[in-house]
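In the part that follows, the structures are each spelled out as structure tokens.
One chain, chain A, links the two complexes that follow: it is found with chain B in the first and with chain C in the second.
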Partner chain A sequence: MLPTNASSNASLVNIKCSINGAELEVKPGTTIIQAMQDNAQKIAHYCWHPGLSIAGVCRLCMVEIAGNPKVQIACNTVVTEGMKINNTSEKVKDAVKWGLDFHLINHPLDCPICDQAGECGLQDQYMEYGKYTSEMAEKKQKKQKVVDLGPTVVLDSERCILCSRCTRFTDEVSKTHELGIFNRGDHAEIGTHDGKQLDNKYSLNTVDICPVGALTSKDFRFKQRVWYLKESATICNGCSTGCNVNVYFNKEGLFRVKPKYNSEVNGYWMCDEGRTIYKFVNKEARLLKAKQYKDNSWQTEIPAGTAAKEVAQLLKTAQPEEVALVLTGQNTLEEYEALLATFVTTFKTKNIYHWWPQVAQAKDFDGLLLRGDKNPNTNGLLQTFEKFGINTEWPNLEQNLKSGKIKQLVVIGPENLTVYDDLKQKISLFLQAEHLIYVSSVKIAELESREESLEQSLEQSRETLKTVTLLPMKSYIEKAGTFVNYKGLAQTFKKVTTLVSEALTGTELAKLFAGESLKLEVLKAADLLTAVSSTRKDQVTLEHSKKNEFVFNRGRL
Partner chain B sequence: MSVITKENKNMWYLPGILTGLGITLKHLVKNLLNKKKMITLNYPEEKYEYSDRFKGNHILTVKKDGAIRCTACMLCATNCPADCITIIASEHPDAHVEKYPINYEIDMLRCVFCGYCEEACPVDAIRLGPEWQTPGLNGANFIYDINHLAYRSQLKGGVQSVVDDEDRNKAGI
Partner chain C sequence: MQTLDLTEETKYLTKETKYLSEFYHLPEFKGLAGYKNKGGYQDLEKALKMPPQAIIDEVKASGLRGRGGAGFSTGMKWGFLPKNNEPRYLLCNADEGEPGTFKDRMMMEKAPHQLIEGMIISAFAINSKKSYIYVRGEYDESIDALEAALQEAYKAGYLGKNILGSGFDHDMDVYRGAGAYICGEETGMISSLEGLKGQPKLKPPFPAIQGYLKKPTIVNNVETLAVVKYIIRDGAAHYRTLGTEKSAGTKLFSLSGNIAKPGNYEVPLGYALKDMIYGMGGGFKNNKQLKAVIPGGSSAPVLNAAESMKATLDYENLAQMGSMLGSGAIIVIDDSQCMVQCLANLMHFYHHESCGQCTPCREGTGWLDKISHSILSGHGRRQDIELLLKVADNMKGKTICALSDAAALPVISFVTKFRDEFEYFVNEGKSKVKGTAFKGAPHASH
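Entry: the complex of A and B
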């Protein structure tokens, strides 16, 4: 129906309603469940997801509307003028309790071995509305367990409550249509069509939106119980989209990455590629200490600060035109500014180059989130280059290295090596300098290992090459900063945790290279107190979980 | 440090001391006359018999087929106040078992024998047994692994759990 002038005017006026006694104004067309979510009212639900269409199959979001003889589902009822909504009455609680009982008829008691335990919708609702013993006399319907759905996801049919979120995701968001619900009644189960696999670039979102433990991620499966992990928000550095993500970590490192809602960037989703970003941040992949190649042998286990100060001595004695810096789009805006300021003002050089392997594919876009430029901060780097008036071409660097013009080469290497397939080639180019200072957060097998290829390339450049210094750098998880994404949106993120305490940030390196020393930031007692009190704000307010310090607000649906 | 000297001339502490010595002497004579009623034991020749419910060294129970009962749910490790349990879980080839520990270690020197692990366990996989004399010389291994916890020679092939997968499957749980 096309709106006439009068009705379109009317639709601009907010609608008044009351939810649980609180008077609210909502936009026309808002469903009750949306109104409740927006106003921090608790409501039980499984099948409704703000990023998907409305299915109305779980029958759990029951609300009582004044003047209506029966309870209604909140997800598919639009708020009308003067509506009086209530979901705390005994009638609603009873309806939810019975709805839950039907969901649990065939649900196995798998919680001890289920990965979802601790952030499970069923557990949460059961603690809130249930706490009864089942009244079913029949045995539970047994279904398939550990079904291999594809390269990333494992299905447990028994645990599935058929909310259809995952099938709607593959239909509406990824548009790959792999999943469907097969059979009828209590034989109904999720599955893929014959011979097909759940294999798309966004498949792991189905695991996130699964309210129970039916879909689990192969990568995270059985690695950790979720209550051992802390969660912290940051930006994905997998590509130039800059999706907002939550990373889950403990003292051993990061274990998984989940999307965080941001309407301007990624909505509710993220790609599977971005979920592997934690792998190069963890300690196993990291460069822990500085290393130096000098007089034909490697010296390892050098403290990073000492090595950086040695580099500062080396750079101090060099002529401005002999010094060069190579940057990638994988560092923060603050680091670029500090490094460029040091090189432009202290070393008086403008030999600063941009290492960008995806320059040809930079504009590629898959239509949903994935972009061809695999650097989170290319725009930030280009902005900083503009600010400092740097306009250099990569072939110049190659030429100057070959002719021996550039003698001291500082390379701030990439974190995510999987997208730098030209690494080997580039390193053999860098080795043509007299002194190579390679700063990297991850181990560089090409430089460190005594493979033949390295020996060969060292052999070739032995006449000119004098030292190679490898400096450990903090990964982006360990520092605060700003990424500027593909459309110029600057997103600031906080430090998540420290994994390699000795590693240095780009800002610290810039200071050390310039010959300054680092100062320890001293927090005031008052700041510390506010920091502590603000860390516990995300605790669930449910009575049962108040007592358990491990339960945070991560199980929210 | 300063030493305070105080001239104390009264001797009222003497009666107390003499009474105490008298009690000691009384017990000495009593014990010499009736050795059977003596409270102290000649450990290690004589040993005290604790009840079966004594919370001593841990036992990991086994299923009917002899495989380890533990499902690696990590509730014991979560509940442990001493943080002495380390579990590494893995995928079991049998889909109905699904998850099992490939490594289960208890650091006995950290353990406070509170029994919270036993209380937390949903499948009767861990118990505190009556065994309590487990001394070791310097360098002895006090981090017990699955082999020791479930299959040590004193257990004679393992203690069977009361919760079995087959029974649970039949009962439709």
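Entry: the complex of A and C
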């Protein structure tokens, strides 16, 4: 028999307990609610949040501990050796039912006009524990209905259950201390301190953690009913932190972004800035078809594939030193590899440049999540450069464009233009090439519009400029890939959905430029799988989908 | 129901045992000179020569139980402090807010030095260098008396550095509350003292481990701390001769309500409630009769007349009767009172004073207030009586502090013991007690 590897350090010995009959081992100091959450056991709760301090005020997470006549709250009770816990007995159910009733007696029950409906903690728990007729015959407490807390969040005090999650968030996480609970008893209301507004870079997290419809996002409210939205996990491409997020979408496009827990990256939170990424992914902002400027006029509505093949012809006939490629830190690792492979091996050029927005200070960091490098994959780009032995300086590009040494310039432009303040200036530089191929997922007003400014800049470049080709690119939501974040952590994400069917990924472009045709093999299995069908754990049984499917998801957090 | 025959008055005990309040009648007892004349600060001198642990042991042996309401053993509470040199605080809870209670006020106004001396001895015992007296905001005279006494004590060297050459340093301050009932709850008081909203803190950790400014803290009532001086003076053995086995010593009782002679009375624990009412309190005026007694402040379950005649004023007997000694506030209710109205009045108080932190209390107190006022206004439904009981039952023991229980327990006792009055009101739309027609009374509001 092999000797068992018993732990020598007593303090590290796990504690044995049983929860609802399941024998578990937990680390010393674990609370019951944490143990239940870690082991996929359902427990009703409102005020407890794993990323915040323990408030113990909603009194909903009741459990029965063998040997204790009174039900206890799970959030402030630490598991001890041999503890027998259950939260499925009639006693617990009755306690939760009453706990819920106290939450509901003054609740306005305005679900039909409430934005939280469908993902509301009160609705979820009512379906689980309630389903009774209210005995409250008295008049409900009236409170303020539409309180403008700041630029991002609206408060409805009547819906508020005073769980204090939002005040704890501003005190403990954002440390901005804007929110407080004012007045006493059932007159208590959330509010901001004198003259202050809820205005910080993380304010919308309060909306995420609000278990009811009290705090709603000004950006999202009334846009969509949540049950018409699908949810899918991806990475935020707003900065080099690479927060894990869930995006919510339907065939009309994306509607909102919420953080997804990752202890290595963003914990439970994300910044407000990252929540705007859906705006440049949606169709309204996108370049839908290829366009070409040739012989002093624009030709539009060109199929992207046709345009890309034309570009391939152009590049094929060019001298290696005449071809150059410009990349930003906004594409995936896989795209960089494919593009560099094409340019280095097929076109035999190492004229590959890194477009770095001048404003960005890579080292800037706000201490929580926001980083100065607003590109999700600068590290990935630099890694690929190293792999292919690319060592170029931006001034060389400027010089070679001016001297006419570089004639065919391919630019894979950034997706998130808001952080590229130098766009206009850079484009007038690019227009010094003979043939500019600009690949972009978003509309580029600087190139496309018929405004005078554009005509002027085209006029100026007219002596040398022969063609401008605009190619539509897939946004990162529409492709699978890998981002390498600021600390070198490679995070692979799956395709969420397709919004612009004609747009091409960097990998597809690399193939087309190299003269290959797009075979189905390019579309790897991973590209076809959407995160919705592969990672949603709540679709485990039919039973769950029959019920309110949000119960399962939200019951765990 | 016990009828009172005035000729029988002599049958009831009328003797007070003035142990703490021996010199309260002397105006000069308030000042340092007068206090010292009557043996003031001698016990401090004695205590400073004792090992601190010996003081704790003596208090433990005396059987002294907290006089603020919970009745927890004082010596045991002190024993929970960590055995190290971490700074710790002693807080005196003088936020006397329990309806019916007015004993601490008298103590602070008549004998501020008594409290200060008791506190210095207690602080020495638990090795605390700083203490605060948290006084209810409305108690102007108490605050003035304490401030003046503190100045005198500092001048005389009873406070400050190296007290009476013992090497023990101690500073004491008065902190003025703002009149919230919840700040009388010890962790609510700590929050308030820290400058936060007066809301009780989640336990564990208990204040003895992590209290004021996250340091070990002991919170004791005014009367408790004052008694410590006398335990040092007379010894634990003598203190135990007063009162009963499990409820040692004397206690100040605040007698109020429909009684001929309301006031503060000091008696040994175990004293009969009927003696308090008919003896000390002088019975009822205008031939009214005893209907009910709230024996320990408004949170204590009510006793009916028969129970009141049997009850003795000590922790164990009242607990046995399903009520509690609480802060020792005896509210006497005669037969001219409507119990529905009494309960509605109490519920208004708890609704107003709930801090709003825990949902069952925040919503439940308001609900109880609304239901009881709805009955009082003549619009009660038959099911409201059961609903009162159900709501109260589900508020009990479900919250961070005891305010929820304090609201729930009176409801349960009022409705079960005087159910006839509630049913009459619901059925007839008016009070069973003549002359207290409250039809159309305003709805519960602030």
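Definition applied: the second predicted complex is superposed on the first by the 510 of 557 C-alpha atoms of A that agree within 3 Å, B and C clash if a C-alpha of one lies under 4 Å from a C-alpha of the other, contacts with A are read in each partner's own complex, and residues count from 1 in each chain.
As a working rule, a contact is a pair of C-beta atoms (placed from the backbone, for glycine too) under 8 Å apart; a residue touches a chain by one contact, two chains touch by 3 or more.
Model, not experiment: these values are computed from the prediction.
In the superposition on chain A, contact of A:185 is made with chain C only, not with chain B. Of the two partner chains, neither chain B nor chain C is touched by A:42. Of the two partner chains placed around the shared chain by superposition, chain B and chain C are both touched by A:139. Once the two complexes are overlaid on the shared chain, A:76 sits against chain C while remaining clear of chain B.
In the superposition on chain A, A:54 contacts chain C only, with no contact to chain B.
Touching more residues of chain A than its counterpart among chain B and chain C is C. Applying the stated contact rule after C-alpha superposition, one finds that A:221 touches chain B and leaves chain C untouched. By the document's definition of touching, of the two partners only chain C reaches A:95; chain B does not. Shared interface residues of chain A (contacting chain B in one complex, chain C in the other): 138-139. Of all the residues in chain C, the ones that touch chain A in their complex are 180, 197, 202, 204, 351-360, 362-367, 370-371, 374, 381, 383-384, 387, 390, 394, 397-400, 443-444, 446.
Interface residues of chain B, counted against chain A in their complex, comprise 71-75, 78, 89-91, 95-96, 98-99, 122-123, 169, 171-173.
In the complex of the two chains, the chain A residues touching chain C come out as 54-60, 70-71, 76, 95, 98-99, 101-103, 105-106, 135-139, 141, 161-162, 180-181, 183-188. Chain A meets chain B in the complex at residues 108-113, 117, 138-140, 142, 144-146, 221-223, 225, 227-228, 550.
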